[in-house]
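Chain IDs A, B, C and D follow the sequence of writing; residue 1 opens each chain.
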Amino acid sequence: MNFHSGVHAVLYALFDQTEAVDHGAMATQVEYCIERGCHGITVLGLATEVLKLTPEERARLIATVGRANAGRLPFSVTIAGNSVAEQVALARHAADAGADWLILQPPMVGTYGADIYLDFFTRVASATTLPVAVQNAPQYLGRALTGEDLVRLQEKCPNLAAVKGEDAALGIRRIIDIAGARLKVLGGRGGLEMTDCLRAGCSGFVLAPDIAPVAARLFDHWRAGRMAEADALYAEILPAATFVMQSLEHLITYGKRIFAAQAGMTVHDRQPCLPTTEFGLATADRWARQLATLKA
Amino acid sequence: MNFHSGVHAVLYALFDQTEAVDHGAMATQVEYCIERGCHGITVLGLATEVLKLTPEERARLIATVGRANAGRLPFSVTIAGNSVAEQVALARHAADAGADWLILQPPMVGTYGADIYLDFFTRVASATTLPVAVQNAPQYLGRALTGEDLVRLQEKCPNLAAVKGEDAALGIRRIIDIAGARLKVLGGRGGLEMTDCLRAGCSGFVLAPDIAPVAARLFDHWRAGRMAEADALYAEILPAATFVMQSLEHLITYGKRIFAAQAGMTVHDRQPCLPTTEFGLATADRWARQLATLKA
Amino acid sequence: MNFHSGVHAVLYALFDQTEAVDHGAMATQVEYCIERGCHGITVLGLATEVLKLTPEERARLIATVGRANAGRLPFSVTIAGNSVAEQVALARHAADAGADWLILQPPMVGTYGADIYLDFFTRVASATTLPVAVQNAPQYLGRALTGEDLVRLQEKCPNLAAVKGEDAALGIRRIIDIAGARLKVLGGRGGLEMTDCLRAGCSGFVLAPDIAPVAARLFDHWRAGRMAEADALYAEILPAATFVMQSLEHLITYGKRIFAAQAGMTVHDRQPCLPTTEFGLATADRWARQLATLKA
Amino acid sequence: MNFHSGVHAVLYALFDQTEAVDHGAMATQVEYCIERGCHGITVLGLATEVLKLTPEERARLIATVGRANAGRLPFSVTIAGNSVAEQVALARHAADAGADWLILQPPMVGTYGADIYLDFFTRVASATTLPVAVQNAPQYLGRALTGEDLVRLQEKCPNLAAVKGEDAALGIRRIIDIAGARLKVLGGRGGLEMTDCLRAGCSGFVLAPDIAPVAARLFDHWRAGRMAEADALYAEILPAATFVMQSLEHLITYGKRIFAAQAGMTVHDRQPCLPTTEFGLATADRWARQLATLKA
């Protein structure tokens, strides 16, 4: 499976009791995702709490994940950063660690017209020989390019190969209608509307590991033409996905615990994060058990 | 079933080709909801595109729905309006039309501290002898009361009986933990997290009629102690609900068409609304057919 | 002075002790604005708390203001409403009351692509023979057209004559650079950046009557080539304008009182509104006295 | 003048042609602020484009500014960072560089109830012996504490000495009414409502150096009881301040140039930033010349 196809597991950030990154636990998480049939490994996305990690922590984490993956699955890194230099430095760490492709986030400081983001992405993309995608998540990032903008960007950046489009399936389809001939489009959003996004033309997904293994199975059905099985599996994973995706704060606190329950791991939160409640933990536990039955 | 229990169908606004309210179609919609087992009828919620209707249109619509229902199901009216006088006038129309209870929306002009909303609601509630709920939908209305605010409001308004809480199940539970001893809490949001909300303690739901009949069946299972059947049905309705609830604009354009397809009716939009696309219509059609199988 | 030039006073909504519209006080306000040298009268803008007024109240208010003005100054009406029919009905009331031009607000329900607003405005504009402007206030209304959109709209609506552009002077200038050859541009925002907006090319302003009379004097200086006097007067009115324009809620509570203090009138608020504080009233009183010295 | 009194100049970030921090220019800027009578020096606020600087760049900048100031003025550092560890590390750099006090920013990832921020601030504050303030800027940061929250925080953090409250004067006053007996309150927002904030009880301000020197003179008048001179000077600086404060993007692009024009320096932008226009530059140039006349 190539880099813009299939289900890429975007790792949760795992911390120890002192709130430091737990590199051993991160390597275990990589192993879990590979064993459970994910098609790719991604790190430093929103599920990785990237904005809580310093550039130094990000660089070390990239190295850990690259080593743990050891070339077994396509490996990608989300590149966040509010200056060109910061993104370029991170892209170099990713290349050094064996990344196969990069997902560029727009800078998260100020809001500007599309040209400013096109210039920014062009400068970062031209500093790497890796294929790049851009992250287009209007609801989460408050900044997004139109399909027309993406076509213009692709003309400037021959290594722009894909878009990670976190939006409703109808919005994803609008992008594909305009830019789909030139760019692959990957979905996300924790699996919400996954089969609608496949019908819209998504070639892959980036999903956190509470859902990614079973979503990878769903994707395998779809690719093999077993649409009915894919649709049935979608209905089975959607209740858990819906609970988790009520907000990014829910994802970090409860999605991570649903993953950890399946993987037999323990969660230590890095502050600030949504505090757990008894009802929330019981709900997460119920969905974790339901997802576990799907993997049998 | 009393007014704060079960699944209340909040009617879609149906227009004719001139964009005028189609009162005949509205009466047909009431009949559809009653026949299909909904537990209550609500009108003038967000699904009814209330903000596109003038007060005069609202008053006429209340009368039409009251007549069509003819006392068969508990009948409620969402009271929107940006002055006390406007809300009070609408509340009188509702009482005249046989409404059993009212759902008060916060005024949607300006944003204020909680005391301003408490005073506003108190003035409206004290002008009616009907039981009232308040609508607490932070994501849709941008204004919401805390559980503590609701307890204070209940002390001022003895006829405050319920909260319509459109929020994640964890948020709903927070309200119930604080105000649940005094107030019934109803959920909404098109059925998202419906079983989680039941576990959180919701006593009912207000849902549009694309989903309401099958959700009523789910509720009947739950009330009868058939949790497994309720959970299974939730998984079956959630894919359609997820598509519809991507935004209020999706709900109005596509949720309404999913209802119409099931009811054998035709949709004419009142502008402004999200324009349909071929892909969107195909997706809506697929989910309408899937929901239809659940009612067999 | 023609309709798109000079300072148009957009009236505050004045209520009596029962929160009903005080038509006598509204007529007095018109008289005040005419006597103090304003160049036009506008009603039903955001300063008029238009969203708190029912369509019936709006129609009556238009009639009152038209009668009070009696053709003495160019008279315009802001047309708000969330359906074409509602806006068209209001436009007819305005024409009947002798309005010289209309300012169309985008519908405030849902958010859509530009084409939806262009269609909506085209339908309303084609139902009137009066010249129309559109209100372009991204910060206040959350919806705005680009300069390119406005040019496209003007091609569809020959009676589109102006834009009321409430934005930073740099944003206003961007509109003028693109659409200024076809459309007059009026500013607003309570007088903030008034001389910068004149330098950007604004042909007029729509301002509430706490500021409008002295702003009209500023405009007279500018038109007569007395830029230094205009700049000096701007510096004198800006402290009061800044206090008032901290938010629309400030404008309604304190801007109205600064007007009333100058006009010798009494304010009764219609709820919901920002409650006054002792410090707020003292501040408003200070700025009212300072503005009064400018009119001597 | 002690640390929570007077006008503290919060430095602009100055870059060279490669977009690297220009440490020589930063030292020159410190010198400029001291020579022109500012009462304190602050670095790493929003005017310093802190979110565009890596932690390493922040640490080096703190050192540069500390060295340039050399203990001549009270020196403070805004501490941004999305983990406790990141903020604590930065606070140590500040202490090492001779900082007199710190301004803690809330973490800018996720939104939470007040308790989460109180815990976060408490952990950071307890890791330093310096006096700390918290930044309370609802409009810019999207997160803020109430007066009651601040009192609770002060009970946990004996070294909490002040609040930097960027809000309308009426909001500032609300904080002072509740927490003013325990905490000093400093204003900001580029000087908007500066005399209203003094009347509200602000003990100081944090302002960028385009405005800070003349604002320091205003403050000196006020402290010496020359209110009329302070009020007159406020009216003279407000037009420039209003232009600059249309948005943070305006501040970074044009406020910085207005400073540079007065200081005889050249601006190189770090992307992403608002691109200049001819009209914008002409407007900035006019206000720079007007401010220069005030310093004569």
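Worth a mention:
Quick note on the criterion: a residue touches a chain if its C-beta (ideal position, glycine included) is under 8 Å from a C-beta of that chain, and two chains touch if they have at least 3 such contacts.
Quick caveat: nothing in here was measured; it's all calculated off a predicted structure.
Looking at chain B and chain C, not one chain touches each of them. Farthest chain from chain C (centres taken as the mean of C-alpha atoms): A. Look at the contact of chain A with chain D and you find the same residues on each copy: over half of the numbers used there are shared. Here the spacing of chain A and chain B, counted between their Cα centres, is 35 Å. For the pair chain B and chain D, the distance between mean C-alpha positions equals 47 Å.
Counting partner chains per residue, chain B shows two or more touched chains at no residue at all. Taken as a contact graph, with one node per protein chain and an edge wherever two chains touch, the assembly forms a single closed ring in which every chain touches exactly two others.
Those residues of chain B lying in contact with chain A across their complex are 168-170, 173-174, 192-193, 195-196, 199-200, 231, 234-236, 238-239, 242-243, 246-247, 250, 277, 279-280, 282-283.
Contact residues of chain A toward chain D in the complex are 19-20, 49, 51-56, 82-86, 107-112, 115-117, 119-120, 123, 248-249, 252, 270-275.
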